[in-house]
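Can you keep this structure in mind? I'll have questions shortly.
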Amino acid sequence: MPLVDHNAVHWGALARAALGLALCPLLFGVINRVKAKFAGRTGQPLLQTYFDLARLLKKGAVYSRTTTWLFPMGPLLGLACALAALCLAPLGGMPGLLSFEGDLFLFAGLLSLGRFATAAAALDTGSSFEGMGASREMQFAVPAELAQILGLAALAQATGSLSLSEMLARIDMVRWEAAGPVLALTGTALFLVLLAETCRIPVDDPNTHLELTMIHEVMVLDHSGPDLAFILYGQGVKMWTLCAMLAGLLAPVRSGDPLLDVSLGVAGVFALALVMGVVESSMARLRLLLVPRLLVGATALSALALILLLR
Amino acid sequence: MTLFAACLLTFLLGALASLLPRSFRAANALGSGFAALGCLLGLVPAVQALASPQDWELILYWPPPWGLGALGLDGISALFLTPALGLMGLGAVYGRGYLANMEGRKRAGPPWFFYNILAASITGVFSARDPLLLLLFWEGMALSSYFLVCMEDRDGSVRRAGRIYLVASHLGAAFLLALCLQPGASWPPAYGLAPGASVTMLPGADPAGLIFLLALVGFGSKAGLAPLGVWLPEAHPAAPSHVSAVLSGVMIKTGVYGILRVLLAYQPEPWWGWTLIAMGGGTAVLGVAGALSQAEIKRLLAWSSMENAGLMLLGLGLGTLGRAHDAPLVAALGFSAALIHMVNHGVFKSLLFFCAGSVLHGAGERRMDQLGGLLKRMPATGTAFLVASLGICGLPPLGGFASELLLGLAAMKGLLLPTSSLDIPSLAALAALILCAGIAAAVFVGAFGAVFLGEPRSQAAQNAHEAPALMRWPMIFLACLAPLMGLCAPLLLNTALGVLEPALPGAQALGAPLVTGLTTASLVFALLLALFGGLFLLRRTLLRGRDVRTGPTWDCGYIAPTARIQYTYSSFAQPLSEMFRSLTGSTGSATRPWRLFPVRVGYFAETQDRVLTAFLAAFNFMDARLEALHRLQQGQVHVYVLYIAATLVALLAWGLW
Amino acid sequence: MLSLVEFILVGLVLTNLVLLGTSRIGLCIRMVAFQGVGLAFLPLLGHGDLTWSSLAISAATALLKGWAFPTLLFRSLESAHVRAEVEPYVSYSGSLLFGVAALAVSVWLGGRMPLPGPGVPQLLIPVAFFTILVGLFGIVTRRKAVSQVVAYLVLENGIFAFGAVALRKAQLLVEMGILLDVFVAVFVMGIAIFRINREFDHIDSGRLASLKE
Amino acid sequence: MLGALTILVPALAGAAAFMLREHRARRALLVGAAVAHLLLTLAAFAAPARPMFDGALLLDEPGRLFLLITSVLFLAAAFYSAGYLEREMRGSRPDMIEGRLFSNSPEARFTGCLLLFLAAMSFVCMARNLGLLWVGVEATTLASAPLIYFHRHHRSLEATWKYLLLCSVGIALALFGTYMLALAGGGEISLNLNALMAAGPTLDPVLLKAAFVFLLVGYGTKMGLAPMHTWLPDVYSESPSVMALMSTCLLNVSFLAILRVRQVLAAAGQAQFGNDLLVFLGLTSMAWAAVFLLRQTDYKRLLAYSSVEHMGILAFGAGIGGAGMHGSLMHVLAHGAAKGAMFLLAGNVLAAYMTKNVSEVRGAVRALPFSGPLWVAGVLALTGMPPFGLFVSELAILRAALAGDRPFLAVIFLVLLAMAFIGITTAALRMAQGENTIPARPEPMSATWPPLALLLAALLLGLYQPAPLAAVLAASARLTGGF
């Protein structure tokens, strides 16, 4: 029996989406704060990202002479994709705004559309660094996407459903007891994907200052003003969405009460942010050549999970 | 029916008419006009047949030696025929503009003669109701396309491509001969034929399996399946662009069509599905990996055609497995996914080839690493190429996504089946699909970036100009069609299921929830577009009245940037193509920095298809061995008499004992 | 009567052996002429009654094989000023050995054939076979164009001898046509030899091997 | 009596051609005789078959079929050679390969022999008596020998010699076979086809088989079945293209001779044996030809080997029997037309490029505005591409083979066809394409119309057969042991 009826718009999810929109910049703050604590600094205020966004939105913009109309479309499309993805993602077992059988492909598709847009915009500047960044981004995306889909396929196999909301709604203690190791494997894989998609250490270092080593940052070098704000915010939304899903998988506490569940979900999201912060401050970024191996490893994990379920 | 006959007739008339006039312009106009007209005429009955099943059959009362044959349109034919005719018509319009700049260098008659023949043959292949007719049209298609490929025959590489193509298609046709001439053969094979009911080809062998193999090799070689379709990346780029569009966008589908017919006719065995999925997956990955390391844009497109043919075959394979293990949902999903992908790929790949053609026309340069910055110079072409790339990568909200979604769903459903019979193939299909999607995105963002974005890398690109209207409008039309096809995906799926209904009873009912699902997806597409529009307006309002300056690209303080420091396509794709080097055997040549002040540093990659080289090597080897036999004819009349005497004795020995 | 036929046949065998063994082309030509004259009697002796047609045939045969061909061949031999040697690929002794083997084979083959009716000597079919084989052998192993023609004539004689048995009731039209053809054939060959000699200053057909793959 | 006229007219014309001094008149005579012959043939089509010379000559359906293709090809040859002889240089000129001086043999001899050749072939077409059949076939050999030696240089002389010797040997064997056939009848019956077929069952089987083997090898030598075909490439490459064209008819009539003999075999209930032999020799020829077609460097030899291949196809179809017989008879017509056109076109290419080497001919399509495209079309026709007639006939043969009890034969057939296709197209299309090595040049009418007409005929055969032709095809297929 389906817990979520597809092909229906879940209005309650609007509120959840709004929550995500409001809270996602906070995630950066949390991560930075954790890193600062580890480094023994006081660090930026938690709401720094909000300030940055506000400032950027107030600014004008500078565009390269090389660029075309395509250039400013990149951030817009990226943000739009992130938002659309947010509409699909459930939070704390509660369904997303829209859901249908197979929306996990749409989810992945939206993410990769955003990536496509960013990369195209980067190439539009004709800068060698941004081309380099785009090349790396697209390269890493291949195994990351594979790991993500296979991981979700494993979840689908475990829960017997093909829509994100449904499958995450079905994950609870019982399933964990039933298929604990598999879900753990999947969770790990999806966590690695999360790191890759949100460009965190060990895949990418968001606040490096050497273009040669950047991946995502270098692609947005030429964006400024509102465009940059859109990019920054898009990152936030993307991170929120992925964290929400992963939290839904890892924190499978489902009380019947929606409010409780949602708050649990939000707690899970921030817990994940903490973990990311810990990871960032406890290890260095990998050599670029090693990153694909890491992601292929993630793919292997989710494939292993899937095969364990199939046998 | 009369319209359909008129369509075929128009093609034939056009073929002859284009040869008559001596003036270039007249021939150009006549040929393209007739082709376009024929396509329009044909579209009407095709769409009718798509909407409601037609019962007419166009019987050709043909005098001996052929006897009579019949043409007809059922749903499947119509579903293949509709995009085919549309694309060929657009190709005709585009081709008129494309050929116009060859005035004085070539005659316009022959190309249009063969184009019309090609159009007629393809229409015939999709609508033939008789094996002999199928053969006739098939050969006509192969020949006319060969001559179109060889249009620029002054170029040695084109001749080589043509030769390879001719031999390959003839070898493929040999299998079709065997398929269509076996006693009691019928085309299209009737549904639900018991295996071997009609076949007595090889006593002992499993007849249905034999037919399947014959069809797979015969049709598959036209569909460009590895390792049979190795000619494809050679032949398609060699043709003039509007022809490449038809070859890649339409002719490949004739192969898929043939295989689909055979699959639907017989009760398949599981190993059929395994074979199809293995071949399809292999082709898809090989194709997209080959596209990674191409230097010329049209070759890149051809390789990606190979990939998409592979994806269609994956769909067919899943559908076949579904039928073999009676999982009707998987069957319906797989087949319809293949059909829808067929339509989408047709549209997008033709559009891409049109764009490549207008780049060739505008910049006169086909090497991507020599192009760049064309979006400013040819905005329409660039935009169209962007849209088509999004579509071909299967990204939302365009049509390509729908077909890849269905394919993925079919694989997932296969995984979720209670029986474990479909697990491994479905997993393989899923993995191949996602892998290809990822790499395709990299390929096309790289190609688009290298060709249209950044600064021009050569004088040719510097002086590029937009294509003439005749070439521009078909591109614009298709580019506008692309998002529509994304939003209308549910409709398309419904049509495909309806078309499959006669072969797979109950397909439509099973597919209903998926249709609603796709509708939700279209809702998300709409949402996405709305968000995009909203953000766009937001940005407009934000930036109004603020100072928006322009400056140089951020160059990290490097004072003398040139266009040559931009990332080329080769370097863009290098990390990924390194991953797949073992598969494609791409020959990357890197000039590494050297000494304290390095002079030249560069990287260049070009795939030499391994399978093709292997084939050619094998052929040459055989040739050489056989050439040794030429000594038998050594000029001594005595020995010749000895041959006669020996034959006499041998035959006597045979006869009298 | 029959003894005469057998006598002719034995003569045929002996001449064949001589043909195999000799090195002089002139001798070969004479031997073939003898054969021709001998064969000319077969239509008369083969079966009892004398008809005009068989008379005419034997007369024509005698005239052609006994007189026309030898003169023609001698003519072309003289026109080609070359040593009148056969110059075979296979040594003379080897050729003789082949002859013996061929004789054995043809006797055996003749045994397998049904009896060609009454009034026909047993010997005839084996002899005919033998002559044919010798002819073929000659064409294969002899170098000079002339000697190849001679061998061809031998082949022809063998066949003729066989025909004399096979076609009991002679058909004038057919026989004449055949004779005429053979005559023209030899005539044309003679001309060809003459040309070859003029073009190449030799009539060694073994050296006519420029046309090949 | 119309049939007899088809022999008499060319024979007398040939005799007259030797007499005539005036070149122009002789050429007119040649064309006139050709036209007359074609008209007579068509008239004979209409008239019912009447035996002549108490049944020695009879123009039955197979005979008509072969007479028709012979006559059509000869007409084309006549038109072509009228212009060809006009263009041929007088006196001695350097040979294009060895560079030595050579001259043509007198035109009168050429024309006369051509006409006599035609007479002989018409004779073969209607000879009912196996003895006369033999006479006719031998006559064709002798009449054609001088034609080969038209260009008096070394190579053509060598070719002539080989042709004479090999064909005479083969023919001699055929004669022996004929006698054996008579002996199989106990020597009492005449060699008349009807008589032999009537006596069918009483014929001695062993002798009959042996006779068939001899006749097959003998006439097979003239038909160009491997491995007796060895004279063929030399003749085709060294003789003028008109002669090459006519020798296509030569191969056809030899095939007719074999079919006649097989009728006797069938009447005696030994058909299976004959079919096996035919299939075997057919496949052998196709294989041999395929081997020599690959990497062939001389385009006239290329055509020659393709003739060997097609003779193999004929034999194969006849051996398969049934519908295959019908296909192979149709193949006779289609191949005759296509191959004739190709020889004439090869003549044009040779005249333009002055070389027979494939690798030295480039861009024929551009250099020869008419012959180039025709050449390409001819290649397609020759390789059995639709919609040419050869496609249909090969299809019929293949179908019969697949329907038969030995489908693997069909597989071999397909493989060999593919090999031949690769060989021919690789060489011939390479000649047509590319940058032309010689400047484009106008072409004389007489050189372009005959091949065009022949190709159109081949095309027409593929698309449509007039009712009388179809009727004759069916009837002759029935007579020669098919349906």
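Labels for the chains are A, B, C and D, by order of writing; each one numbers its residues from 1.
Methods note: a contact is a pair of C-beta atoms (placed from the backbone, for glycine too) under 8 Å apart; a residue touches a chain by one contact, two chains touch by 3 or more.
Small disclaimer: the values here were computed from a predicted structure and weren't measured.
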Report task. Just list the two chains that share the greatest number of C-beta contact pairs. Result -> A-B
Query raised in the report: So, what's the distance in Å between the C-alpha centres of chain D and chain B?
Result: 44
Report task. Compute the distance, rounded to whole Å, between the mean C-alpha positions of chain C and chain D. Result -> 31
**Report entry** Averaged-CA centre spacing for the pair chain C and chain B, given as whole angstrom
**Finding:** 70
**Report entry** Mean-CA-position distance for chain C and chain A (Å)
**Finding:** 101
Query raised in the report: Considering chain C alone, which of its residues make contact with at least two other chains?
Result: 112, 136, 139, 205, 208-211, 213
Query raised in the report: What are the residue numbers in chain B that touch two or more other chains?
Result: 630, 633, 637, 641, 656
**Report entry** Touching two or more other chains - residues of chain D
**Finding:** 161-162, 165, 169, 206, 233, 292
Query raised in the report: All pairs of touching chains?
Result: A-B, B-C, B-D, C-D
Report summary line: The answer for chain B against chain A in the complex is residues 372-373, 375-376, 382, 386, 390, 393-396, 401, 404-405, 408-409, 412-413, 415-416, 420, 423, 427, 430-431, 434-435, 437-439, 441-442, 445-446, 448-450, 453-455, 513-514, 516-521, 523-524, 527-528, 531-532, 535-536, 538-539, 542-543, 546-556, 563, 565-567, 571-576, 579
Query raised in the report: Okay, in this complex, where on chain D does chain C touch?
Result: 53, 56, 129, 131-132, 134-135, 138-139, 141-142, 145-146, 149, 152, 154-155, 157-162, 164-165, 168-169, 172, 175-176, 179-180, 182-183, 186-188, 190-191, 204, 206-207, 233-234, 237-238, 292, 301
Query raised in the report: In the complex formed with chain D, which residues of chain C make contact?
Result: 112-114, 116-117, 132, 135-136, 139, 145, 148, 152, 155-156, 158-159, 162-163, 165-169, 171, 173-174, 177-178, 180-181, 184-185, 188-189, 192, 195-196, 199-200, 205, 208-211, 213
Query raised in the report: What does chain C use to touch chain B in their complex?
Result: 89, 112, 136, 139-141, 205-206, 208-213
Report task. Within their complex, state which residues of chain D touch chain B. Result -> 161-162, 165-166, 169-170, 173, 206, 209-210, 212-214, 216-217, 221, 227-228, 230-231, 233, 273, 277, 288, 291-292, 294-295, 330, 380, 385-387, 389, 391-392, 395-396, 398-399, 402-403, 407-408, 410-411, 414-415, 417-418, 421-422, 425-426, 429-430, 433-435, 461-462, 464-465, 470
